[in-house]
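By written order: A, B, C and D. Residues from 1 in each chain.
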Amino acid sequence: MNAVGLNITWIIFMPILVIIIGLFYLGAARKITARIQNRYGPPIYQNIIDVIKLFSKKNPTNHGVMFSLGPVMAFSGMLISLLFIPIGNKALLSFNGDIIVLLYLLVIAPLGMALGVGEGGNPMGTIGIARALTLMLGYEVVLVISIISVILYTGSASFMEIIKMQSGGVGHWFIWPLFLSALAMDMALQGMLGEKPFDQPVAPHEVASGPMVEFGGKYLGLLQLYHAIGIVVETGIFVNLFLGGGTLFWWFVKSFAVFFVALLINAVMPRFRIGQAFAFFWTYPAAIGLIGLILVAILK
Amino acid sequence: MVSPILLIAIPLFMAFSVPIWGLISKKLPKLVPFFTFAITTAILVSLLPTLFSGQQGFNLTSVTIAGIKPPYGINLTFGPASAFFALIIQLVALAASLYLFEYEPPEPAEKFYMLFILVVLGATGMVLTGDIFNMFVFLEITSISSYALTAINKTGHSAEAGFKYLLLGSLGSTLFLLGIALLYGSLRTLNMAQLSLYIHQGHLDPKVLMAVVVLFIVGLGVEAELLPLNGWVPDAYEAAPIPVVSILSGVVAKAGLYALARVLYTIIGIETGVLNLLLIFGILTLLSGELSALRQKDIRRLLAYSSIGQMGLIILALGGGNSPMAMVGGLFQAFNHAIAKGLMFLALGIMAAGFNKWDMESLAGVGKAKPYTTFLFTIGLLSTLGLPLFSGFWSKFLIIFGLVHSGQVVYAALALIGSVIEVVYFARLLGYLYGKDPSEELLNSTLESKKGFALLGMTFLAAFVILIGVYPDFITNFILGGTAELVYKSFYISSILGGI
Amino acid sequence: MSEAIKTFFSPSVLGPEIFYGSSVALFLIGLYMVLVKKNLVKIAIGLTFIESGVNLFLISIGYVWGKTAPILNKTLMMGTPSKEVVDPVPQALVLTAIVIGVAVTAMALSIVIVIHDKYGTLNISKIKELKW
Amino acid sequence: MMKLLYFIGCFSGGALLAFLLGSFSPLLKKFITFLAVILGAVLFATMGTSTYQLSLLFGNQVIFGIDTLTQFMVWMTLGIAFIVSLVLWSHSELSPTFFALFLLNVLGTVLIFMSRDIVSFFFSWELMSWTAFGMILSDGWEKKRSAAVKYFMWSAAGAYMVLIGFSILFAATSAIRFENIVMSVGRVSHGWLITAIAFLVAGFGVKAAMMPFHVWAPDAYSESPHPFTGFFSGILSKTGVYGIFIAFFYLAARLEAVPMLRVHGTSIFGYIMVWIGAITAFGASLIAVHQEYGKKLLAWSSVSQLGYIIFAFGIADSLGMTGALSHALAHALFKALLFTILAGVIMRTGTDHMASLGGLIKRMPLSFIFAVVGGLALAGIPMTIGFTSKWIIYEAGINGGYIFPTTLIFAASTAAFLYYYRFVYSIFLGPLHEEHQNVKEVPATYWISYILLAIPIFYFGLYPGKLVGIISTILQSYNLPALTTYTATSVTTPLGTFNGMVVGLGFGAALIVGLIVYFIGGRVRKAASQTDKYLAGEVVTNEFELHYSVDFYRFLERKLSWLLKISAQKFYEFIGELIRFVADINRKMFFCGNGQAYLYYMTIVLTILILSIWRIKP
């Protein structure tokens, strides 16, 4: 098979692969958290079963066209972001857009969900969105600071370029020279993934799962898929920027490792209030990131 | 043979013949000012073609009186500057005299019309004369008539305003006379060309010269509304009848301004550091006037302060006389200010006609009750603000360019700060005029349709504002000539005294 | 005695300065009245003082000691008139100025009458209904 | 020559006719305005690139010219003007004066872009400024007073700064034509040149709502007549941007050569502008997040977006200038769209208070769709023109090494999500209010204009290279560095690539996949009523307020209150108080009413002047 054909095959199968792996991530997360908390936990494939169940459920409530379109847009938005992030050294579409394009593609999904939640008209959902957006204002700054330091360091905003520069073993990974930036980004990642202490948007005890409150059946199923892809994409950014990408296997190993760190923090942390979370992002991670950035700017 | 003398002689005759017309019919005196100024304006316009003939594009004729040639006899000079100011005076007077058709003066009416013509006559005399003592006489004719007109309502306020005006005015003109006495004592001549020549040749002690300058500035500054000498202005504008106010701002102030410019530019000469004095006086007058208007509620007083500010701007422009541009802008601004302020005061008179309240709250919403008059008022206002499509734009533009060109960036910036303040209070005023609903009382006041003749006069002024605003070259030749006449002493001297 | 006074006041002793001096004095007296007196009538009188001072100054500019009035008669026509008469111009000016001064004073007083009618006072400090 | 006169005559004649005939028939004023704009566009199309001279002042030739930049800006202006004139068909309540002033305003704006000398530039500039004020005034006043006065005051101040700047240039070069000034700018001393350019940039910055000169903008935008606001915020602010371009890159090209003025590889002006732009963008968007009224929100958003443009201009390399100019177009398009939608909402519901609106998606679906489109562009989602321009700006910022300002710009962009979502949610989503049950969709003139605006938004989003191509032509014609690495669908910068078409197709495919997945799932049930929601067993009725819309981001506000407290407004109010204080003292002193005091002043002046004579040496 020629390269183009290979690419097309990969484009078709990769999302399915990622969805399955992402769902396994979610299952593993539940399992690991349970073990840390001295519970047994559900089986690791539980989320796959959940999704199948959700999709086959009849008669979830529909509040209007945007309500239906919202989860679809969230799913499709994540899917298109997935195509712009190199997985296992396979570039896909990422020659046609750099990190900044990806950053903005990543926004489509939450935006779609937010619009859907909006038409749902449940105040809990909207409060959840307001919290999510506030949180986003918090971590986006940190994220951008880290990304700018990487771009400054490498002189390129293209993922493939950045991965190429890290080739040649663990020692070449940017996590070493750009340790502060990587640290800041990992903190931002915690917020992006919505893991504790940054799970205010969905805080079940406060806003009844927030955005998800009105969604049931296949809507929730779509949102589960969106979440599953989201984890891979978000950890994938970190892997590509700081951990040198890698072959398919190693890529997912690294990605899971990043996710695992987040899980460990999640399992032991309580939840910030949303204001505190926002303020936290604009203080310590931002400061760490800025120091890293200044170091890069000086050393470069 | 049409001669500039007629510009003085006809009004003089008409003024004192008013009571005779009054014997024929009670209505007739009302028409006299209009016909007088119509004739004088016609004469003036018919003189313009000869004025703009000749090699330089304009020329300066000296008209001798009683057959004795200058420097010994009294002469009238009819050059671009004189004609320009005479034109301003005639235009405003014509519009105001049209307004008189709709205005019932206090009894005895004949006196009012007589004084009205005399003010304009005096001002015309001031701008046309070539003899400095003659200028003093005309100044006194103007100012004494103005005192009388200010106080003519015989109310307490008008008397108070008239007295304040009289105090400052008579002291000012006495100082002017003192200045003339010093000049005559040193140089033994009263002819302006001769004086200019002698001063140019250095026959005058610099100290005496500076004393003369000071006396002239302080003396004429009263009429030209310079800062500490202008206390009478808002009071007189508030208390005097509206047509008189338009004459005060459009005619008397401009005559004072002309006298100042003529004396300082042509006789004294600008190389003597006079310009710094003008700059300082101008900027202080400008800022003080604009600041005072900022929180003013009475529209007449507001316009009076604005008038002071505008006069300050003109004086400032004259102070930038190193650059002919500023000078041109200043003369242009004098024209615009006379026309626009005259227009605004007359329109204000109609807006408050049959109502007689002048504060913003009472006149709020007049734009809906009397749309056409308010529209005319707005044209005047926008022109005063110096906005494009209106004549004021070009003059302000030229003044600022000229000031910067002559190196006075700081003064230009300060003047513009004054303009910003002007924008604020005029914008607020516009808001009151258009943005509110008119009160019952205002709706029931005299309809504007009953004031046809007055509106005609104002429309005539507004047409000038827009015409020049769209095509300034309509008048710029005139102003260039005027600037040249004022600034180039040798041209003036040789035109009057013959080739020297 | 009268001779002494005459000598004292003759130009050889005082010169024309006495006229200049007294015109300045008149001017200052007038200025004092105008600035300090509160009564409108007194202020009007002060104005006339100032005018008189200036008029005196003007006339003394043209005056030349020991020369005659500028009226042409036969004796004058014999010699060179310009060297034997005083300068006629200031006199003409002063005549005009005096007339004007009278007009101003009349105007002032007539306004004062109206003010007294309406305000019931002649104190200038109390006549300030128009302000700011 | 004649064509230019026809063009001017078309607008001014239209204005005159609309003013005179408009009071007879509302149809006539709308028709005349519409016709004048179309006719103007046709005339402009025939004018091509050429130069026209008019003899105006002292017989001097006043120059108007058309080059590629002019064409770009004028088409933008005429396009949005056309949209406004289209929308105005539904607004008979506006007075004929409004229509007349609108045409004059368009004329003034177009003439700014065409003018090639100081005189005509300043003339057009002032014309544009005061007609906008007149329009605010003509549409009711009572509640708009402070906004209108503030606008007029600031625009006068800005115009006067421009005037000072120009007059310094004139005084130094004795030329009024731009080309002559550029030729002889070498003769100007550095100090004067810097002063002039500083005045010019500050003056234009007022119009471009650059902090700290922005305080007029939110009020003026939100209080201007609703159909006009899109033009006001989208186009009139661009005159300031254009002015900065002219001052900075054309008149003062030599500034770059002054070594002491160079910071960070560019001129100090550029460096200051980068920071000012970034702070404007960041601060204004944080303020926009907390607005309770739709127009205020969009108005602050405008200030923020203009900050992007100033930021990009400050960078001043090929990327920066491409970004700035393309964002100028982008902002004009999406802000006109959003303001027009809001005008439609206000027309139908009578308010723009976001807490009183809600759920309009069911009643005004078209408006909602285009509000999303406009919002996508505003937030800079790929596939819209907003992303194309923002992306170039980010790349420019990072590439230029302006790391901190770029971070601020990014944060501003994230904040844009926040306020944009609040805008859409509060107005169109959530529960429908009782009193808006019978609200109808906007009339055809409105949604036609939405479509017309949406087309270029998507076109330049999918074909970013086309936009960059246009701008590169402009920049090359001014001998400025231009971005050349682009194809129709993609743009490449030194840092990376963006292919609009690939993203668009990819997203389309993903959307289809999503829909397939959606339809695989089970059937759905339509909600019974508005209150048919998950509320944990609580029974709620229609009276129950479920609209979460007041104080939307209260937690954020609490945390950022220290930052939001910093207000230029307060500083200016203090200055205003000071001026009023001085004004009163001045008034009560010099016009105290006591005649004798006036005589004292006269005597004092006389004495001072006489005494100062003795200083003069004979």
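The definition used in the following text is that a residue touches a chain if its C-beta (ideal position, glycine included) is under 8 Å from a C-beta of that chain, and two chains touch if they have at least 3 such contacts.
What you see is a predicted model; the values in this text were computed from it and never measured.
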item: Touching both chain B and chain C (chains); value: D
item: Chain pair with the higher count of C-beta pairs in contact (B-D, C-D); value: B-D
item: Closest chain to the centre of mass proxy, which here is the mean CA position; value: D
item: Whole-Å separation of chain centres (CA-atom averages), chain C against chain D; value: 69
item: Interchain centroid distance [CA atoms averaged], chain B/chain D, Å; value: 42
item: Chain A-chain C separation of Cα centroids, rounded to whole Å; value: 100
item: Intercentroid distance (Cα basis), chain D paired with chain A, Å; value: 36
item: Residue list for chain C, restricted to those that touch at least two other chains; value: 34, 43, 127-132
item: Shared-contact residues (touching 2 or more other chains) in chain D; value: 587, 591-593, 595-596, 599
item: Touching two or more other chains - residue numbers and ranges from chain A; value: none
item: Chain-to-chain touches, reported pairwise for every pair that qualifies; value: A-D, B-C, B-D, C-D
item: List of chain C residues in touch with chain B within their complex; value: 34, 40, 43, 47, 50-51, 54, 57-58, 61, 87, 89-90, 93, 96-97, 100, 103-104, 107-108, 111-112, 114-115, 118-119, 127-132
item: Complex contact set, residues of chain B against chain D; value: 163-164, 167-168, 171-172, 175, 205-207, 210-211, 214-215, 217-218, 222, 227-232, 234-235, 273, 277, 288, 291-292, 294-295, 382, 385-389, 393-394, 397, 400-401, 403-405, 407, 409, 412-413, 416, 419-421, 423-424, 427-428, 430-431, 434-436, 471-473, 476, 480
item: Residues on chain D engaged by chain B in the complex (per definition of touch); value: 55-59, 104, 108, 119, 122-124, 126-127, 130, 133, 137-138, 140-142, 144-145, 148-149, 152-153, 156-157, 160, 163-164, 166-168, 170-171, 195, 579-580, 582-584, 586-587, 590-593, 595-599, 601-602, 604-606, 609-610, 613-614, 616-618
item: Chain C residues within the chain D interface of the complex; value: 31, 34-35, 38, 43, 124-125, 127-132
item: Contact footprint of chain C on chain D as seen in their complex; value: 587-588, 591-596, 599-600, 603
